[in-house]
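One chain, subunit A, appears in both complexes that follow, with subunit B as partner in the first and subunit C in the second.
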Partner chain A sequence: MKLFNVASYVCLQNFRKWQVDYRVWIIAILLFMFTQIFTKEIIEFSKAINIEVTPWIFPFLFTQKFVKLLFFFPLILLFCDAPFIDDNQAYVIARSGRIPWSIGQIAYIIIASSIYFLFLLFLTIIINISHIQFTSSWGKVLGTLANTNASSVIGLKTFVSRNILYYFTPLQAMWFTFFLSWLVGIVLGLVIYVINSISNTRIWGVLTASFLLVLDATVTGFPSIYRFSPVSWSNLDRIDINGTTQMPSISYIYIGLAILIIGMIILGIIANRKQSIHVLPPI
Partner chain B sequence: MQQVAIEINNISKKFGETTVLDGVTLSLEKNKIHGLIGRNGSGKTMLLKCICGFVIPTTGTIKVSDQQIGKDCDVPDNVGIIIEAPGFLPNYDGYTNLKFLAAIKRKITKEQILATIDKVGLDSKSKKKVGKYSLGMRQRLGLAQALMEEPGILILDEPMNGLDNQGVADIRKLLLELKKEGKTIILASHGKEDIEILCDTVHEMDHGKVINSIIK
Partner chain C sequence: MMKRRALSMSFMQVYTSKVFYLAIIGVTVLCFISVWDSLKMPGVSVSYLIEIFIGLAMFKKIVVLFAAIPFVSSFCSDWKCQYIKPVIIRSGINIYIRAKIITCFVTGLMTVFLGLLLFILVLSFRMPIFPVGNYGNMINLPLAPLATSFFPISYIVARCFVFSLSAALWSVVGLTVSAFIPIHFVAIASTVIASYFLEQITYFYLPDWLNLYKLTGSEDVIHQGPYISLFYFIFVFVSFSALAGLLFQYQVKRRINNEVV
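Right, the complex of A and B next:
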């Protein structure tokens, strides 16, 4: 219990910095802009056919490889200074000890990743609220974009996948997209955390996480390779639902993410226990 | 013979080919003020970081209050520190910053935090954000955070940094009072006057070694 309490205070100390951390504000603005840009055509189409769109746009932000890159890169910006050691953290570590401190920093990555994708999910609704009709079905707008050539006619930059509409209800798609994106976000954050902790720099962790993002874009069109690209696992269109494709199954993805996350948490705690703590200049 | 608060045994630290600490051995007794002097890059701060558990030595051992760093504990208990520039959350006032830190160990009350802020010469009632503090005010707040949980050992790296003459006089007086209260203080400073007025032992460092020790 004491370990949990101390770790939670360490975690909270990072969130207290958000108010004055320029990166958080830049990320919020970037996500707002990207969401507006990449949902604009859907809304324009909705207006053109005079039918309101349903609020289930979020799953389709990650179906097009380059658009997905744009939505995930700000997360790397958020975690680029992992393990988040600054002048103030020295006072925190002196009180908490290394292991509770590590756990607190890892908890910060987990919670911050959830906030990031929840924020994105709500942005897709809030930005377009005046054109949204709340219903539990996919609706005619998304249905038409998925099942006809209307998306290419209007020049849609994202991709409304027919498979997603077929295999998932809207709430399922929203939940799984959020859940898998959140877990992939944790993986990216932990990659930066572990590699930066071991290398005592910021660059290698960021480069490795960026490589994983670019790998996702690179393996598009090669379903058998998706199972080796963790970032690809947040795209519902790359999950084998009924065992008929070479894409990874949802069980494979859950196990893969669990192994990656648990393995990197253990590595992160060991690395922080054995490495010297160096305060690097602020980003 | 006085009890030993900190035992430093043949500590070396290398970064690649660069040796920053080279076979440092010291026994620092309780209830005394021990001074570390030396030019920039002599290894004073690195030695203090090793004592605090922030830097893991390449060889050698350090015991603080009979607990070996890296074996019995990761960071020593009952130690207050100022290492390098004091860092606080700029969008909160001094008391709130200390309250956040005090919440980790939960050993002290609000009144004790406020009393410590007053003790170092800051206004405990002020709502001024730390982001607007002068260097001297930050240094005083750094000292307050080191003192507030009433540690038995204080490790202070350049605690007079940024203080005016009155501030320096106040902190010297405070450190002598803390010594009378039974605290052990390790003080790294450029200021020869600080060392001469305050310290019971003085250890001069150069190129990562202790080259001279004076016991008064």
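Right, the complex of A and C next:
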């Protein structure tokens, strides 16, 4: 119990630094900008046909491969200084011990990733609140964009998938998109954490996570390869729902993500136990 | 003499750095990514792809980031490592500041402009510069007469140049922000953020002739010929950059005088 109490203090300390961390504020502003830019056409379309849009835009926010790069890149920026060793961490490690410290840092990645995607989810609603109608259905605007060529006529930059509308209710789509994105965010954060801890640098972890991101954009259009690209698993349109495609099933994705996350947590803790502490300048 | 030395030192800092050349290649790669889906369309031409990139593409905001990478955070390095002191002692504060602003503007301009020219060059091996037949509806005023002049490619070059001018402006804005918050990450990211917010503000609250969004897309805001419009675009972007430069000067002087805690 004491171990988890100490770990929670280590984790909370990272969040307290957010108030004065320019990087976090800039990431928030970038996300605001990107969300506004990539939902603008949907709102303009809803104004043009005089029908309000439903608040379920989030599942379609990063369905386009290059847009997904833009939305996931700030997440890499958020974790790019993992394992978060700044000036005072040497004292924190001395007081807490290595294992509770590692658990605290990993918990920070897990919680920060959830906050990141919750923030995005609420941004899609808050930014467009004046044009949103709260109903439990997908609504006519998203339905028209998915089932007609309206999206290409208005130059929509994201992709409103017909399959998502067909197979999921809005709440299911919102939950699964959030949940899978969160898990993928944890994987990316842990990749940076583990590789930076092992290499004692900041660059290799970021490069590996960026490679995984670019891999997602590269494999688009090759369904049989999606199962080797963890970042692709956050997209509902890339999941085999009824067993008729070569894309990975939801069970495969859950098992794959669980193995990746648990494996990297263990690796991270082992790496931290033997890691020499080098304080690097803040980014 | 000292002024020229300070300027050449700044320029040497940029042009002997690999980052500058990588940023140019980055701009070219980004251009290709932006128009990737349109590359395989039948009858596509270089001018059409440039129109798509400058007018519609989602990545044009990110180009500003590449313009910022080579030099915008240089003040942060100077300040954090205190390289600024020996330079100021020898050259004087005003010369140092002017050299920084001019180098930042020129570097931002060159990075994007050379990146776009490389993009055009590579494309021109695979497709015609202008579409075959009547392409009057695909070129926009005020620079359209350049496309029918003796040297038609000047239309595309002029459009790219105006777009690059805007990137140069945002680079100087990033440099200014770095004087207030001397953090590398903030300096580079602030170029994208400033371009977004200032374009939005000028779009909604200022007349067309000061609308940075329309000026970046070299739209017909003053209803004059191509050359006058081109000079106007240069004048506006240089003036805004000078304004940002004044702010930079103000803050750097405060820092040097130990007025910033």
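Please note the rule applied: the second predicted complex is superposed on the first by the 283 of 283 C-alpha atoms of A that agree within 3 Å, B and C clash if a C-alpha of one lies under 4 Å from a C-alpha of the other, contacts with A are read in each partner's own complex, and residues count from 1 in each chain.
Convention: contacts are C-beta pairs under 8 Å (C-beta built on N, C-alpha and C of every residue); 3 or more make two chains touch, one makes a residue touch a chain.
Keep in mind it's a predicted model, so treat the numbers as computed, not measured.
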Superposed partners subunit B and subunit C on subunit A - clash or fit: fit
First, second, both or neither for A:Met33, with subunit B first and subunit C second: second
Touching partner for A:Phe122 - first (subunit B), second (subunit C), both, neither: neither
Touching partner for A:Tyr166 - first (subunit B), second (subunit C), both, neither: neither
Partner chain(s) touched by A:Asp86 [first = subunit B, second = subunit C, both, neither]: first
Vertex subunit A; arms to subunit B and subunit C (CA centroids, nearest 10 degrees): 90
Which of subunit B and subunit C A:Phe228 touches, first, second, both or neither: neither
Smallest separation of CA atoms, subunit C relative to subunit B, angstrom: 7
Subunit C-facing residues of subunit A, complex: 22-23, 26, 29-30, 33, 37-38, 66-67, 70, 77, 155, 157, 282-283
Parts of subunit B lying in touch with subunit A, wherever the complex brings them together: 49, 52-56, 73-75, 79, 81, 83-92, 100-101, 103-105, 131, 145, 149
Sites on subunit A touched by subunit B in the complex: 6, 9-10, 13, 16-17, 19-20, 86-99, 273-277, 279
Touch list for subunit C against partner subunit A, complex: 33, 56, 58-59, 61-62, 181, 183-186, 189-190, 192-193, 196
